[in-house]
Amino acid sequence: MELLNAIVALTNYVLIPGMAYGSQLALGALGVTLIYGILRFSNFAHGDTMAFGAMITILVTWGFQASGISLGVLPTALLALPFGIAGTALLLVATDRVVYRFYREQKAKPVILVIVSLGVMFIMNGIVRFIIGPDDQNFADGARFIISARDFKAWSGLDEGLALRTSQALTVVTAVIVVALLFWFLNRTRTGKSMRAYSDNEDLALLSGINPERVVTYTWLIVAGLTTVAGVLYGLDKSFKPFTYFQLLLPIFAAAIVGGLGNPLGAIAGGFVIAFSEVTITYAWKKVLGYLLPDSLEPSSLVQLLSTDYKFAVSFVILLIVLLFKPTGLFRGKSV
Amino acid sequence: MSNPYHDDRGNKDASITRRGGAGEIPYRKGGPAVKSEAKSAFLIGETMTGGYGKGPDILHDCTIAVDPGEIAVIVGPNGAGKSTAMKAVFGMLDLRGGHVLLDGEDISALTPQDRVAKGMGFVPQTNNIFTSMSVEENLEMGAFIRRDDFRDTMAQVYDLFPILKEKRLQAAGELSGGQRQQVAVGRALMTKPKVLMLDEPTAGVSPIVMDELFDRIIEVSRTGIPILMVEQNARQALEIADKGYVLVQGRNAHTGTGKDLLADDEVRRSFLGG
Amino acid sequence: MIVVEDVHKHFGGFHAVDGATLTIREGSITGLIGPNGAGKTTLFNVIAGVLEPTSGRVTMGGEDITGLPPHDLFHKGLLRTFQIAHEFSSMSCRENLMMVPGAQSGETLWNTWFGRRRIADEERALKAKADEVLEFLTIEHLADHKAGQISGGQKKLLELGRTMMVDARIVFLDEVGAGVNRTLLNTIGDAILRLNAERGYTFVVIEHDMDFIDRLCDPVICMAEGKVLAEGTLAEIKANEQVIEAYLGTGLKNKGLVQGDTVGA
Amino acid sequence: MSETMRNVMLFAIVAVLIVGSGFLQSWNTALLILNMGLISAIMAIGVNLQWGFAGLFNVGIMGFVALGGLATVLVSMQPVPDAWSAGGMGVLLGLLLGAATIVATVQVYKRMPRGAMRSLAVLAILIVGFFVYRGVLDPGVDAVEQVNPALEGYLGGLGLPVLVAWPVGGLLAAGAAWLIGKTALGLRSDYLAIATLGIAEIIIAILKNEDWLSRGVKNVVGIPRPMAYEIDLQGDPSFVERAASLGLDPVEASTLYVKLIYAALFLVVLLVILWMSQMALKSPWGRMMRAIRDNEVAAEAMGKDVTRRHLQIFVLGSAVCGLAGAMLTTLDGQLTPGTYQPLRFTFLVWVMVIVGGSGNNFGAVLGGFLIWFLWVQVEPMGIWLMQTVTSGMADGYWLKDHLMDSAAHMRLFTMGLVLLLVLRFSPRGLIPEK
Amino acid sequence: DDVKLGILFGFTGPIESLAGPMASGAELAIKEVNDSGAFMDGATVTPMRADSGCIDNGLATSNAERLIADGIAGLIGGDCSGVTGAVLQNVAIPNGMVMISPSATSPGLSTVEDNDLFFRTAPSDAREGQVMTEVLQDRGIKSIALTYTNNDYGKGLADAIKSNFEAAGGEVTIYAAHEDGKADYSAEVGALASAGGDILVVAGYLDQGGLGIIRSALDSGAFDTFGLPGGMIGESLPTNVGPDLDGSFGQIAGTEGDGIDRLVEMAGSDFDATSPYTPESYDAAALFMFAMQAAKSTDPAAYGPKILEVANAPGEKIYPGELAKGLQIIADGGDIDYVGASAVELIGPGESAGTYREIEVKDGKNETVKIR
């Protein structure tokens, strides 16, 4: 019983949140990694693109909700997702045409593109706040829980609850599907391979008859899909607030880099490394130990390695340690 | 330049931007191909004048032509503009004078991609493979514009370069210099091009491979594909050449059959190393 | 001078260098040949400190230099060129050369502020030297061109030029000839011979051009599959069945090379 | 137009912009922009040293700037005797023990042969060291933080003149950079970015949470100034008189006076640093750095100790940022760790360098001034824009309200637009590297 | 003629969602005065917004300089304690400008050397610590887990709560900071849950980390009831969290009844008048105008000393919507005691004395259950 309680507590406070957060980061990192791999720069506008995608989806979701359309237990937002993706795709492709293409044609140094993306970030930042405002928006509906803590306690008779939110399960499942799809696409399809070829050697791709503009467009389309899905899932799970999406940028980059920039598998792994290091290192073991140890030994302090103040710092230290032993990231950060 | 040996080259911006592979082919707006009445060779760059970007002219009234069944070889000192002439023919730089004709069409306005679609194949001097992709994928990419079944072509390429079959699944970037060269030529052959352009295909390959490469090049040309190539192994190249061009400072200095040039004392002395 | 003892270099499961053992005599010009992928460049990289050997030992004049970083080896007089040119692309050709000599007083920050006179003198000497080398390589007109914008062959020349800026003890040349005009290659050959004779440089030359090897090198070492296959004079090597099969091919006979048609006579 | 002419023109334009805001808005505004511009220019030079000259991508600028800020507190605030007597020694001892642990670890790591024994020993030292360190430090910290927490609760500084803090800020940043460089540069410099990003966050986390050091998020206010306070000047009859003789009222005269003195101080620092980096750049040292940036492998083969040089320039650039950070905190008159945000202190500086022209010191300086000017002035432009757009709409119309409410967000928007425009028409920066 | 009032809030940055209603609150007061025509013989007041970034000292001081250059007669702001201190030190004091902050609540600002130029319509957090302890004790709570937003506001408040509660014999099981605007709070909630406690007190912002923590804690079943200090009180919280929040309680500066209700009514649907510090903003603006009226001058040196006079007794009590009446009384030589929307009562160094409403969430609404 005590052991069960300990396991449940750990699952509830470490495992499940870590999985969900990890998947969210992974989805974001995938997009970052893809742009890095194929278009050769780190896209600082990524967080705000996620916000944009989520925003469009939210607006459509509200429309559906107002007209009474819903998905039952699943969030209506899923129904609105294709619209969000389409809107984001439109925005990204337009941005590319208006902004990035020029620099590609000029053969500008990639770092210029990075800074350009910073400019785009500022602009998208403005647009999103302009349309939906800086406030928190709630758009989740459907069943919030698959298992709620209270029900679990009643059902199992344990002291500890176990909660699994619909959004958490959705996030993990989606992440798995998306990654599998992306892999299949890049390694097995003609278009996917042409994207890798372009990523490897632009000139030679051109000389092989691959149309660079098409590759670029495809990339943005995929990125639109990835960012919107990531943005919406994150919004469903936590809440939508433009500023948070900007803040997400940092852990997302950390995830992409620790996994090995440019490598999709790495993005996934990186997401989990970052998420779990944040959750575990600062976890206070008092409760778990309290269940496991006999009463006499029960800890009086929190048994916490470091206070949560340093949560962020800790995840970076972990990151540095990983890089110490695997300097190119967990998976060789080379190309898509 | 992504090459396994040089992985660490310039740490620059490697963590926010990816280096390597970034193109040098300048962007240009394409135009249509126009029928041309001019009666001339199958592929000809006629009186080409031009240079890089806004820089000075590198080529001056340079003419290069090749016909089906022919091998045309360009030789000349380093920096003469041989590679530049090839790039000009392939539309990788803006001509300030002259034009390029292919099969009775003026293709001067076409972009490089369009020229690939018209059946031109090109192996650049450097950066001529996809380093992160497997050898097989490199060949597949060579056949990118082909919609038909290209397995037999691939088998032919493997026949020609058996080592490639062996390393089929290895990343091309992990091959040695000579092996990479073989991949590059193989990739170009995969297009089944109407005309093949090679920039120093034998640089750095071992004698045995070089012989085979030359043999294969002759074979390819016998199938009726015109071949235009730049060579520094000029004597071997001129031996198999139907036509030879000696370029000096972007101008045609000598033109003739391969044999003629080999026999020409001045050419031998100044360009072929005696 | 350089002794390589049972060096292995593995990439994953692949044995690029697989137990190479060889000795390079002081004052010699040693040719290193072998089929593509034999492991020549990899061995170079191991000796020059770019790659850490999986196992084995490299000594130079009796001193163990295994695993020393390239910049230390440079100061011990070991220089190398790269098979694929490694120019400093945004610097002019002259600067490419001028940066080479070590221990320039202008490389100390303090002097850049408080020792300007001395730097100026040094720079003048360096510039003269660099121009001399450029002229020697027949690329003096490129002195102020950015090295990134010169032709492929010219870059190779520049690579060679860098080794001429300092007094080296041993120079490793990785395919200087590939892509270099044959007439110029002869000049380079002359230079190598002269440096060898006058300044006592030891050279190790990787090259696929048998004419070139023939003219310069003695002894010649042939590698294949990561091991040393044969060693001796070029004539001996050419007669070696294994070498012919793995590397030279029979085609050579047709091209007249085996009959000893050498260049530059 | 010759290049020099063009560059002079560019600087002239920036000067006109700043002077223009002096005429149109107020001279106080203009001088404030100038002062912040000077500081920004110094930061930009620091980053330019690292990126433009050595290709080191440092995204931890914020951390070094913050360390500079910390230096001002540690140097110029008055010590808090109560806190010292309460727990100062404990804290000091704890820190020493911590440092000793690290030194011991490194020594053991270096001395002992590779193997399980070494790992064990290192681990043991670290664990024991950590607990001893916490054991000694924590009570000291608690004691210190109990001392008048609303106002003090920290150890205070040395009570030295604040100008001393500027070089100290540089040194502090240099020290941190050295530590980072030692670990990150030696490894694989590609990942320097993430290392710096992380360490900057760690530095901020320390500043925010170690209250005994600089009051954490409770901020240190009232950092002394290198010159008189406006209020004192306003109360000084001779000053008032002189102001009057210039036709200025005392309030305005005093504020201008203070800012002018700052401007002069900052300008001197900027010029010295600019001169030093220009000299270095144009010497063989600069040539070597460019060679390293272009191609590390080749530079290494040509005998240049790339790792050492990277470390050198990384430390230098960071020190410059630290110096700028100390100047900034001095100008602010307070240390507020919460204000250190990557957007403002890392990305904005990067924008300055890139827009100005990386690899060119003058470019960096220009970028510093220009981008700061825009950062400050774009908001009124945004509001003005919105007013113009909505002028036709009726009061209270939802769109008008919505637009006016969004005006502040126009700052970021316009900033982005300006950035894109500059980059569009001069992708290598306004004053590109030659 | 025209009198300008500067409004310096963080329209961008971490409290950008609070700044909008706050500014609207201040502007509502100004509009009310302008509509009345009773201000200083028919003068009009123009609000001028500027961004403080909440945490960007450089920006805030520049913008404050700019406002002063534009000729403002008083500065409503800043919002966050950090920038408020910076602006006060670097701009207001040197220029002799009066600042009334509606929201900077850091205890440190009470003792700052301000030349009598700084006032605030919000109480210092030191006071809230006492009030919260009373509330907790009255509800029989013995132990709390305490988390705060990691800035001077959160830390100061949490310090106050902790020391008061512990002095009163309560136990604080964990005292942990959280950063606002972060992507995920699982780690924090994990630690808080592990430490346990009767309730979780969240000294944060209701649309920032505070919300994230509460969501996460409820979802995982870590805590059911929450203690909500002022930064967490606002209609958006129950709306966003849902019925699970019922039963949680807290307190916010303000009084019951009239003041705030009237403001809510006046604001209508234009903005949310119950948004944190919005009433205080309205009051800050009103105080400026009353003081100017009383001094018959817009010179800070002249009207500054009047602020305490109009804010406190004796005099006729003035509520939101009655600004015209107040102005008239002053013009007629009478005295007012401005109560406003947040029960303004300035004490000591010119800050709100701090009457608090004890709030409990019932049926998804914040209900005032008591005044303290």
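Going by the order they are written in, the chains are A, B, C, D and E; count residues from 1 in each one.
The criterion applied here is as follows: a contact is a pair of C-beta atoms (placed from the backbone, for glycine too) under 8 Å apart; a residue touches a chain by one contact, two chains touch by 3 or more.
Protein identities per chain, from UniProt: A, D = Branched-chain amino acid ABC transporter permease; B, C = ABC transporter ATP-binding protein.
For clarity, every value in this text was computed on a predicted model and none was experimentally measured.
Path length between subunit A and subunit D in the chain contact graph, taken as the least number of steps between touching chains: 1. When the interfaces A-E and C-D are ranked by how many C-beta pairs touch across them, A-E comes first. Centre-to-centre separation of subunit B and subunit E, using mean CA positions: 73 Å. Spacing of subunit D relative to subunit E, judged by their CA centroids, is 31 angstrom. Subunit A and subunit C have Cα centroids separated by 49 Å. Centroids built from CA atoms put subunit E at 74 Å from subunit C.
The set of subunit E residues touching two or more other chains comprises 12, 16, 20, 150, 177. Residues of subunit C in contact with two or more other chains: 50, 82, 86. Contact with two or more other chains is made by residues 6, 9, 13, 15-16 of subunit B.
The touching residues of subunit D, counted against subunit A in their complex, run 183-184, 187-188, 190-191, 193-195, 197-199, 201-202, 205-206, 208-209, 342-343, 347, 350-351, 354-355, 358, 405-406, 409-410, 412-417, 419-420, 423-424, 427-428. Contacts from subunit A toward subunit D in the complex involve residues 44, 99, 102-103, 106, 108-109, 111-112, 115-116, 118-123, 125-127, 129-130, 133-134, 246, 250, 253-254, 257-258, 307, 309-310, 312-313, 316-317, 319-320, 323-324, 327-329. Residues of subunit B touching subunit C in their complex: 1, 3, 5-6, 9, 52, 76-80, 83, 125-126, 163, 174-179, 181-182, 200, 203-212, 215, 232-236, 269-274.
If you check the complex, the residues on subunit E that touch subunit D are 11-12, 16, 19-20, 49-51, 55-59, 61-63, 65-66, 68-70, 81-83, 85-86, 89-90, 93-96, 106-108, 110-113, 115, 126, 150-152, 154-156, 159, 177, 270. Looking at the complex, you find that subunit A touches subunit E at residues 9, 12-14, 17-18, 21, 24-25, 129, 133-136, 138, 144-145, 148-150, 152-153, 160-163, 165, 234, 238-239, 241, 243-244, 247-248, 251, 275, 278-279, 282-288, 302, 304, 307-309, 311-312.
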